[in-house]
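Remarks on the structure that follows.
Naming follows writing order (A, B, C, D, E and F), and every chain is counted from residue 1.
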């Protein structure tokens, strides 16, 4: 049934394309309005909440604008695949999208690239020595993809890890920026991402002022890179403080 | 992957700290690089690049396709990397998949620019034949024959060389009818060369202890705390960046590494240019 | 099975997360619960109370929230206690098969992503998932909740196919019941986009602002909401010894062996009586009892659903 | 080690060619002449009346003796066998080998030594750190990892095959044991000749060079036999800050020598020349003499020079003979 | 559909089943096997085991049963997965799982022909196969399919064509042996005899409550006949 | 289509019916393998790397009387004319892996290397007909390079029958002409056939001719391979010196 022959979404194609070109043209000008009325350097309101799923040892739900992500953490539990002798634990990450996450219905399969990125962003923060010979599974499900998915997943995941009581050096918070011509726009939405000239994403441990993951696409002058990085680092530390307060809240509730 | 004893690790770290690596190189010194073009005659362009025991092949194939609805004025480029089990028994079966994926993603990020196509090494609009109807699909395939570290840089170099050696058949549009697919005639004697001046190279800086090195061997890579791969074009602009390894980096260090990568990349580009010239000379 | 799969590696985690209470007594109870689940369970039943302090015949508190997935045409979030379901409907256009040229179709898929339970690992899906998918589509079809003709756009040319995807975010028992409610809720919330036919024969949406302005003929101006007739609701009862427990949790499901799922529609018809084996035999008297319980539950769910609808309308108006 | 293929320019290529040709023409000092080289399935001439013994690498194929390997036919009175060239290591009792621990099993370490199986070093055939001879206790068994752990490079002696066909090693001497503070190089085993001496302490450099018969070659800082460095590095593992670590780094001078020697080995094995301590030291000295940067030893020019030097060396040897 | 009692397309009356056949021990590799047919609906069931060990996640204290459903053509989809699950649960309820703890018994069901009442046919076949393999059972189970017409009349063992015509149809499984020891759970508090209890009930199509219970009674009545046939054929082969 | 010019009797690529394509063999193309080789037949180009004999990785497969021989065949995405992104381990490659493994096992003296494992990794760079033959020939070279004892030199070659002419060593165009093609593998010295594959109908007498032709091809290749090996051995020996 699911594979009914030749079906298409009516909202596809022409009309969306127009929207994008429009967006594109606009973004070339020096000064333009973002569709959600934010200023260039303003992040979307972040809604975070731990303990979304009680089946897991820890979990968190994050909602940044239209982007909705839920992450559960299982373990530490015995490793599925037998490993050779090692005195540190294994961190296993998996990111998947719902079929309805994207405007055009997807396959809802898991996303290898994001899984790998998530792992890279977190492995530096998790104290693997604290659960030798066992595995901690971090599973993320993107309910709705509204732009800046990966940063949200990363932040949400580190929140879930904290909720699961996994030892970490610091929370990992992550923010991305897009660049349009001269402008740098923080925390882009999906349609902004669709026509950006370049993007830069940082995942970091603010308290230690350390970058755990950093990716950059498109063309950047060194000066612009600096500016973008500062912007992200700043936003990351703000986000981290929100995450902290969220954890404190849940801690108070439980006790 | 590579198992080293504490003693060896310590020796390697020491060498890097003292700027004298196990094979006598300095921190920012590449292994001797050798380049061979046209290794895959059936492809539109191909190259083989050797860095010490690291040995990769890149091939470019161009096929006629239809541009995506969202980008009617651009051609499509896709990059795939495969790790052949010949390089290491651990790549057998699905063993190489994870690494292959990582490399593919990194290359895409570093060579294809932003979603709008800005900063792409290859000018996608040069691949278009009929707006919204016909374009070239460029398939870039990397194959790792033998691996001794620094695969990403080697692959990127191979791709750059392969592109410079690529000829795209000249296409003339016959039926210029507006609505349905126009039929085109692909010439088999006339070929268009690519403008590859903009294609960046990738320089990976591997951080070991307090210092970082270029062109790490797999033994050195096993000691890395983290690594940053920067792709830089001739004009010294950054066209992409990825980080590997868990350990965090201080932002200032990152910026420092970027600028170092930038300067090293210019040397690499000149080396490649001469190698390309030499290779083409030997081909004729 | 959920509970049994916990334990072991997760022991300390659970202990740590033991509500911070950590009183020795509490620990002993926890241990007893893990070691002798059945005894522990039956000890409760003798007091005719359940592990979560519910009376046998009362379901967990249930909540329905409509339209939380913006990227879908209709969606709903349903919670039975900790069991959480998200259902979303995306409408796509298809050319209907010749034999039913004036009908659309519904494609149901039920997912159990790894986040929903410790027993599910990425890659291979839980074996119950496809079974529940099947049950859901059976119930939707046989209840006649949706008149497929309503999904027709242009006879023989184009009709809607409703992709209904249900994700279990947290599996804590009675998955089918929760999934069914989320299905119904998602369909209630479904808003069919206004579409017209472009000159190349494709059906395209007409964005709200353009309504009226566009010269293309509007296809479904009057068919923007889906009429739901005789809506089905279900109740799963666990049979243990002579007890009947409604709406069991995952922990209970791991102990009880026999379940009866009764589905009734608005007209009070029996849409399905589903009892796949189990050590306890269902006598007519028991079945009758289950059906009565189901009726009560159906009424209750109907009210909850209506509340959620009106709640949504309130937000809209405000 | 074929990872070293310097890109030669035209003249260099020619020079290399001629050098190799000369090597080819020189009558090799060893009993074997290039004529006696065989490829797989080549017949080996023997006169059947003196009943010869068919040795390694030969096979009786309907009355005819044929080679099963590519190599050189060797005849030791009645025995006829094929000496393989490129192949995995063939252990012989008493060989000094260098190996890497890959697994710790009950009462034994299992080592990779470039043989068709892993070699076994029993806890019992190994001197304990305290150097006292006594029965191994359960405690010793638990502490095995403190003697050798996974990936450690150690030097030992081939003890022989056990009835179960597994290869056993022994390290009952001060000179055997863990190797640290240096680098391990792997070369084709056939380039190493069995000799009296495989441990070489190059005083002039303060470098230890251990040429394992299995083609594993160790170049490292010199340590007096029995002086236990083991502990030294054990500490490093704990040392937290990079500063503390850097104190214990190999002094730059020694490191330079180590790298030079190492590159000499790399170079010779790339050229396919026999790896004797003399050849290695010569090469290193030559590079110093014509002050060539350590890294440039692997470059094209020195590559060719070394080849040419080898020609002269052998030529002179022949002259001495004749 | 004509009023009940009247003849059906294939000339049967409402209460009549298609001719039953059951043959056992046809496969030599399998530890037990049986072929069960009701008219053109034919199912071949093979039993392997008990073999040591249970699948991860199953309770090692008990024997576990795995069912593999092979459709006549094509690969298995959701429908087959559901059949497997129902079959598994049903067979578990009749086997003495405690007698061979930590073992797995696999039942492979091959559909040879499908002309309605497929699931009941498969259940009967597997039940016979289990007996053939000498797997200890609490009691036998007999399955039957009942159809309910718009008019409320009940027919037994409908063909595929009839199934489509029906307002609703259901697969019912009953225990057959009053001689069997009463398993715990069916305590005497119920004033109904043991074999009146239902092991499995799977329904398709909406129907009035009354209609469902009608079908139960009719099915129950018919099940006696089937179990009689089953017992006879088992004894026959046994001797 | 005419695969053989009726007048000149030449084939499309200008070869005579009983003529091999240009063949080239090269040893030691992969740095850290125990043995490796590149083999070319015209445009068909394959690399083979041999690892071992080494400790058996999966203990359960260990055999105490002989070596375990394994083979994996993979095609580069760019190896075929039209680029296809193929999944690993599809039916075809599994089949070829098996063919190569069995053919090589027939020659390797496995009983001399008990409790060990030999991996043969085949990587096709360009496929232009006769890939399996090329792979087998390359494998022989690589195994010899790894110093693994063998009964004999195994070589393989194909022959086909088009335009009522037996043709040696078909290229892709001829191969895809749909005519019968016979793949033969022989132990050259012992003159034994170890591999014989044909998927088509052929009259017995013609089949014999075609097969004979293929065998001739194998022998020619065997001679070449032997030369390559001997030359290489002499080189190594003379370089190694006394």
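The criterion applied here is as follows: a contact is a pair of C-beta atoms (placed from the backbone, for glycine too) under 8 Å apart; a residue touches a chain by one contact, two chains touch by 3 or more.
Quantities reported herein were computed from a predicted structural model and do not represent experimental measurements.
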| item | value |
| --- | --- |
| Chain of greatest Cα-centre distance to chain E | D |
| Pair exhibiting more inter-chain C-beta contacts, A-C or B-D | A-C |
| Mean-CA-position distance for chain C and chain B (Å) | 49 |
| Separation of chain D from chain F, taking each centre as the mean of its C-alpha atoms, in whole Å | 33 |
| Chain B-chain E separation of Cα centroids, rounded to whole Å | 62 |
| Interface hub residues of chain D, defined as touching at least two other chains | 2-3, 150 |
| Two or more partner chains touched - positions in chain B | 53, 146, 148 |
| Multi-partner residues of chain A (at least 2 other chains) | 13-14 |
| Contacting residues of chain B [partner chain D, same complex] | 3-8, 10-15, 17-18, 20-26, 29, 32, 34, 50, 52-53, 146, 148, 209-210 |
| Residues of chain C that touch chain A when the two form their complex | 2, 8-10, 13-14, 16-17, 19-20, 68-72, 75, 82, 84, 86, 88, 90-95, 105, 107-109, 111, 113-118, 121-123, 137, 161, 163, 165, 167, 169-172, 193, 195, 198, 202-205, 207, 250 |
| Chain D - residues contacting chain F, complex | 1-3, 20, 23-24, 26, 28-30, 32, 34, 37-42, 57, 59, 61, 66, 68-72, 84-88, 112, 116-118, 165-166, 190-191, 271-274, 310, 314, 317 |
| Touching residues on chain F, where the partner in the complex is chain D | 28, 30-32, 34-35, 52-55, 64, 67, 109, 113-116, 144-153, 188-190, 226, 229-230, 232-242 |
| Chain B-touching residues of chain D, taken from the complex the two chains share | 2-7, 100, 102, 150-153, 178-184, 220, 229, 233-234, 236-237, 242, 245-246, 248-250, 252, 255-256, 259-260, 262-263, 266, 293-295, 297-299 |
